Amino acid sequence: CPSNGTGGVGAEVLHALLTDLTKVNNSRERASRLFQWLICPNQDKTFFRDCWEKKPLLIRRQNPDYYQGLFSTAEFDRILRTDDVQYGVNLDVTSYTNGKRETHNPPGRALPYTVWDFYESGCSLRMLNPQAFSSTVWNVLSILQEKFGSMAGANVYLTPAGTQGFAPHYDDIEAFIVQLEGKKHWRVYNPRSKDEALPLVPSPNFSQAEIGKPILDVVLEAGDLLYLPRGFIHQGDCLPDAHSLHITISSFQRNSWGDLLLKVMPAALEMAMEEDVEFRKGLPIDYLTFMGVQNSDKEDPRRDTFVSHVEGLIKKLMSYAPVDAAVDQKAREFLHDCLPPALSEEEKSSSVYGASARWEDGEAVDVAVRMKGQTKIRLIRAGVARLCSDGEAVHLYYTTENSRVYHKEEPKSIEIKAEHTDAVEFLIHNYPKFVAVASLPCDSAEDKVSLAELLFEKGIIHTSEPLTTK
Amino acid sequence: CPSNGTGGVGAEVLHALLTDLTKVNNSRERASRLFQWLICPNQDKTFFRDCWEKKPLLIRRQNPDYYQGLFSTAEFDRILRTDDVQYGVNLDVTSYTNGKRETHNPPGRALPYTVWDFYESGCSLRMLNPQAFSSTVWNVLSILQEKFGSMAGANVYLTPAGTQGFAPHYDDIEAFIVQLEGKKHWRVYNPRSKDEALPLVPSPNFSQAEIGKPILDVVLEAGDLLYLPRGFIHQGDCLPDAHSLHITISSFQRNSWGDLLLKVMPAALEMAMEEDVEFRKGLPIDYLTFMGVQNSDKEDPRRDTFVSHVEGLIKKLMSYAPVDAAVDQKAREFLHDCLPPALSEEEKSSSVYGASARWEDGEAVDVAVRMKGQTKIRLIRAGVARLCSDGEAVHLYYTTENSRVYHKEEPKSIEIKAEHTDAVEFLIHNYPKFVAVASLPCDSAEDKVSLAELLFEKGIIHTSEPLTTK
Amino acid sequence: CPSNGTGGVGAEVLHALLTDLTKVNNSRERASRLFQWLICPNQDKTFFRDCWEKKPLLIRRQNPDYYQGLFSTAEFDRILRTDDVQYGVNLDVTSYTNGKRETHNPPGRALPYTVWDFYESGCSLRMLNPQAFSSTVWNVLSILQEKFGSMAGANVYLTPAGTQGFAPHYDDIEAFIVQLEGKKHWRVYNPRSKDEALPLVPSPNFSQAEIGKPILDVVLEAGDLLYLPRGFIHQGDCLPDAHSLHITISSFQRNSWGDLLLKVMPAALEMAMEEDVEFRKGLPIDYLTFMGVQNSDKEDPRRDTFVSHVEGLIKKLMSYAPVDAAVDQKAREFLHDCLPPALSEEEKSSSVYGASARWEDGEAVDVAVRMKGQTKIRLIRAGVARLCSDGEAVHLYYTTENSRVYHKEEPKSIEIKAEHTDAVEFLIHNYPKFVAVASLPCDSAEDKVSLAELLFEKGIIHTSEPLTTK
Amino acid sequence: CPSNGTGGVGAEVLHALLTDLTKVNNSRERASRLFQWLICPNQDKTFFRDCWEKKPLLIRRQNPDYYQGLFSTAEFDRILRTDDVQYGVNLDVTSYTNGKRETHNPPGRALPYTVWDFYESGCSLRMLNPQAFSSTVWNVLSILQEKFGSMAGANVYLTPAGTQGFAPHYDDIEAFIVQLEGKKHWRVYNPRSKDEALPLVPSPNFSQAEIGKPILDVVLEAGDLLYLPRGFIHQGDCLPDAHSLHITISSFQRNSWGDLLLKVMPAALEMAMEEDVEFRKGLPIDYLTFMGVQNSDKEDPRRDTFVSHVEGLIKKLMSYAPVDAAVDQKAREFLHDCLPPALSEEEKSSSVYGASARWEDGEAVDVAVRMKGQTKIRLIRAGVARLCSDGEAVHLYYTTENSRVYHKEEPKSIEIKAEHTDAVEFLIHNYPKFVAVASLPCDSAEDKVSLAELLFEKGIIHTSEPLTTK
């Protein structure tokens, strides 16, 4: 684990790590290293083998500065002052007293004047998407989403000493509870039954009587981490002597095999009905006389035959399952969920965001600086774009025009003409290598440049060197 | 086949047959006999084995009166005069000349003054739901729907001599073309490809060049029948010397195994995701890097593993397939599609429609005539009602309050309380036997009578004898 | 008043009157005579001067048969048996006991078996649109609507002896309570305040304490009539010795000057804003500082100036009021509300409904019988059609394709080309005179015939003699 | 007019003026002074008497720096780089060449790389709401809206030398064209007809042939102003030797007497129909026989009587016109349209935005600093809030939570309890005076403080001194 040296300040460690990461060539490698930092000293491989979706993991560091720089209450206060934080949208005020969970959001903007008043009177504060307000949280999550292959989100929780803000419950996401300031007392409980293991929807609030005995009862201190698979019930409260600030990083909401099958099955059945006459043949004319709930107690051999036939057809569906197309549906949704990449200065300067075209001394200058055959390009991040077919047309979906506010923008894509798909695939598969525009497999030099221009203008690719007039 | 004897008039034959059928105790048996009359001299069993959904069947009778009484152009004229027939809703005016198919419907009501003018100028007339206007057609279809276990519909076609009203096409239903008057020249063609066999949607109009050579080229005369499975292309035109009137009886629209699977699969997947954690486990965190269309050409062993896993889950879905519940969904739709039963005088007099309660001499009389323990009851028709569970409540769906106009009424059902379901099943499974109200498996005598009253009031059951005051 | 002579049966009197009316040349004259019969021996002129919208009128006849034939409980029973009467749609079952008003409608069809059971247990029955089931009621209302220039509707009320079905209330329509059978005790009360005089919405149910003392306390007997202007509170109950059947004929719902102004004012303002710059000039830039509720207590001369200016503009609106166009909007709604005309045999035979085109002996005959220049035509009823302009196009709205069920059909109209409007006006203004097709002010003989054909096909006009081939 | 002295830099002048304005006690006075600066050396009074809504006004200054600091192309470039400017939403790329007007917006974000490329190729750039991106424009408009009593908006136009970006047209707003950089040649034309004077909707693009001869043909230079009333057609193009940057400040869209009547009239009619029986009386039963378009040529004295009656009722409407309530409807819409106030540092520090409650050294501090009886308060701006009644409840509408993006937020209001309305009116009418919380006309000291707290928390009021703990 990276250490903050002797007398070093924590924020500098995370800052240094994030700066180091900008020098890592491949964004997937960056994501792995950042995740490694999160769960250090555990290894990625053992974590995914032993804990992920299986059991809680507690990491105690005795290093209160380990996560420093990620977020702080000072940052919280600054955001309230500077940004348009709305009660109920960006911030929840909650309490859990004598077994009763309440929300106290007034309407309108959350300003320090009212927020700190709630806090002083014992309410917990939950900031709902700190990534919209904090560049560091945005940066961290936008990197981690490439690790998970699923949206990475976050909430921040600030709890006064001696209080509890939420009732016992379980979530529908994999949760990394990162203790940032103070201390928090956590109790964790096993899923109550097999049916509540790895749930796809969050639980209601539980009473203490419903949840049994904790399997874990710990006090998290600043620098510690607690990982909880979805379905594990948990509750946290502050000791009388310290407030608590933590951020929960989450992922894998509705990202199960079943969720994929929800895309696969309707498409498989549609295809089977089109291509296989067995699916179009009529039902037996008398099937209503022996099938259906009113006949389910009947001993009738025709019932077995009927059910077997249905099962045979389900089995046949396997051969019509359009798995890649269904994955593309999931991928499209993922790219819509994604945060836009938080670009480094170098990435900016080599992309459209840093292009030198500008207004200067009463005229537009450096307007002629554009793509050429020898310009070397690549995707700006491995996961920034994806080629998907919906059967008729091919689109390149991309994340660069997404908002830091979840789904504020519609899904973004550009239609890729048939003669350009090879070139786009070429770019995708060559990542992280830069390739010359001239090497794109297009018919004409003009096509190569115009495709490269299009992708550059959308921020999807950058160049090996900032574009110049030469 | 029933014959119309010496000098008998056709209409009397069908009339006699329908009267005879009212004496058949079991409505399913009635349906079989009427279907037998339709396809006579072919046997039910051989027909379904050799022709149904497989190949056309031509029956020539040399008996122009065989189907007489079912419908006639005189009836057509009477309906125009008496009923509110609307162009475009109940009647289409069409032509097919020099390869061009046209519809000539004006807005508003179709009266003889304009309809016969269209006919005289060479247009074909298609009446879209004669069952709404003709009691005989209603009666015949309401009986046949019990044979098919799927809605039976009909269109009537009147074509002037020397003309053709429709372009070559295929339908999405099993069709029985019944020649009623005059003659019609038919050409029938094989489905153009495997994908068009037993289609689930009708074809567009074809040009002559698209359909190949006919496999059948015949002239239907009054009394003849031509059965066509869906997917077989056909066109009919009138010879210069005779007009044609035929009725096409149809069934099995969207009644395929695939249509059942459209109900089964979403429910199976929902259940599997609830009950089996394998379906809730997360996808591999790196699956987007090797799956999806942009990776479909990659040789990557992880692709095979991934697809195998999906296939394994599909196979597992078989054990979660709620076949009976899915059949009930189909059944509910069928009962909504159904015509209401066309009751015989005897059925009327022993049901709520014939109850003697009435206004007479300034007062309501016979109001006290109601169900008693010894009253014997049964369903008024085998297919008139069906018990279906939607998981939470149990409903009895029924057809008696349907309209003769397709889907004019909402689906009709009554919720059956848990303590009454056994009694309703008892009634259903005892059909065609009458059972005493007292024998219903309910807790109290009061329950038995109130359930019987409820079913009687909806017309779902009738009594062995008309209710009397005694 | 027409008498039913010695030993005559009442129904024959109304029947004879209606038959006589078919011989009256002008449908407006027919409407006046039928209304005269209704209120006889009062004169039309004095009734509208002294009672209409002013005060109740009681007519006692001592002639129980006077209204016989209009409707009866026997007819009620027949309708239940024959027609599809739905609880809640066509029939309400109500009671008013111990000051509590209840509705007892079950779902579904109302059959004698259940209806008479409700009646026997003391419930009142209200049939909501008897005109859909009774040809006589239809005929009477379709004639009266031409008298009122506003939709004429009806409800039928059957009440068991010794009961009351409804709470005290007032209606939003002019009501003619026609006692058909038995007796009913009525109490009528003045409107409770000036604001409830001639109300535009019906009242809620009142308690006895809210309505004061009756101004009228009478027992209506068969043959009697009670007219109530809207706003007069009333309640009726049956004496212990007799049931009651009455029909309430109603009109003038939302037919006030204010309702017309609701059409006039938006159009007037739109026109003024287009044509008069005074309406487009800007408001004073400081008007918000002295106008508005928060400034309404200020003494500020600018307030008076402002209000005066608004009043001046309102006054100016008078000169932009498109009264005729607004009347046309009302007329369009009236024609949509109207019952279709109930045609006499003679009207039928001289209109499209009686045209001789028909199917006979295997062919369409009399198809060539059509309009000629010398054919004499007129509107089939004065109020059957109306020419309205919506500013852009001119449409002829008509009632012949309306349904006997209120608003079951969309408003019916045909666009009248500019070159045909004079001819249509010519027809309208010449009613009740017949005019030759050749005399229509159209450009060409062809135009005259095609316009006449169009109107004839819609049933809007009829001919002086049934069309023949000659 | 304020001058920029010897060697002064323009931006400093505007900056100094805006700083001076923060010291003006009354925001309405501030608005007047800023407007005076805009039209200087013309006087406010003469401008509104002679030019406003009447005729164009040209002001030549020979002082290119007069408006400096309001906006610049450098600012334009900075915004493109920093903010999320979307083509089609915030920026339009247009051209007008050879009489053809085109828009060239691609989808997505507008970055300098593409924007300056369009500009270089001869396109004009229109930034649609610079107030969302420029604090100075926001500040200026938020002050001016108090002058106009109607929303003040702005567009910025950048045009390359030798080009024209827009076709001749007129607008539906009062326009102040402020030349910021370079020069622009303008031609102005009279409204084409009386009907196009002070129009309520903008014109389509005109061809040169449709607009006649200009009444004004000038070259605006930096520092000049051209005022155009709505309806005056105009077109501007750049001379070959200079680009042009101007900002158009606009107001008075749909702010006419007619627009007020659109609120007044429906309410007046509704009230009249409720309170005056003359409006509820029925129409003459025969009115359809002499009124309506089909009777409009008839000479019938009843027509005159009818029209006179309608006119009499319209006249009566005057006495029911709820002018103040209608003004409140307009005011509510205005407050929704308004920009939020751009607060000075002093305003911030004395309002909720500057409250000292904050997070410091691990705890919330200064939370106890709140309103007291002796705290002196007033509205933060005259126009920041308005008390409106909708007949049932009284609401205080306010602008402080509006967005700088038009209508991004819903209308903001708080319901004012009956016992607090006097206190709110007291505050409104005392502006710009500060009043002690204790002096508010409320029943209890607690009420006074809680009302003041509420208004303070919404940013509607500020205090005479920043709140302190003392």
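First chain written, first letter: the chains are A, B, C and D, and each begins at residue 1.
FYI, a contact is a pair of C-beta atoms (placed from the backbone, for glycine too) under 8 Å apart; a residue touches a chain by one contact, two chains touch by 3 or more.
This is a predicted model, so every value here is computed, not measured.
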Chains touching both chain A and chain B: none
Shared interface numbering between chain C and chain B [over half = same, under half = different]: same
Interchain centroid distance [CA atoms averaged], chain B/chain C, Å: 42
Cα-centroid distance, chain B relative to chain D, in whole angstrom: 65
Residues of chain B engaged with two or more neighbouring chains: none
Interchain pairs in contact, sorted by label: A-B, A-D, B-C, C-D
Contacting residues of chain C [partner chain B, same complex]: 73-74, 76-77, 81, 106, 108-109, 111-117, 119-120, 181-182, 243, 352-353, 355, 357-359, 362-365, 367, 401, 412, 456-458
Residues of chain B that touch chain A when the two form their complex: 28, 48, 52-53, 147-150, 174, 194-195, 197-200, 252, 255-262, 264-266, 268-269, 272-275, 277-289, 291-296, 306-307, 309-311, 313-315, 317-318, 321, 323-325, 327-328, 330-331, 334, 383, 386-389, 425, 428
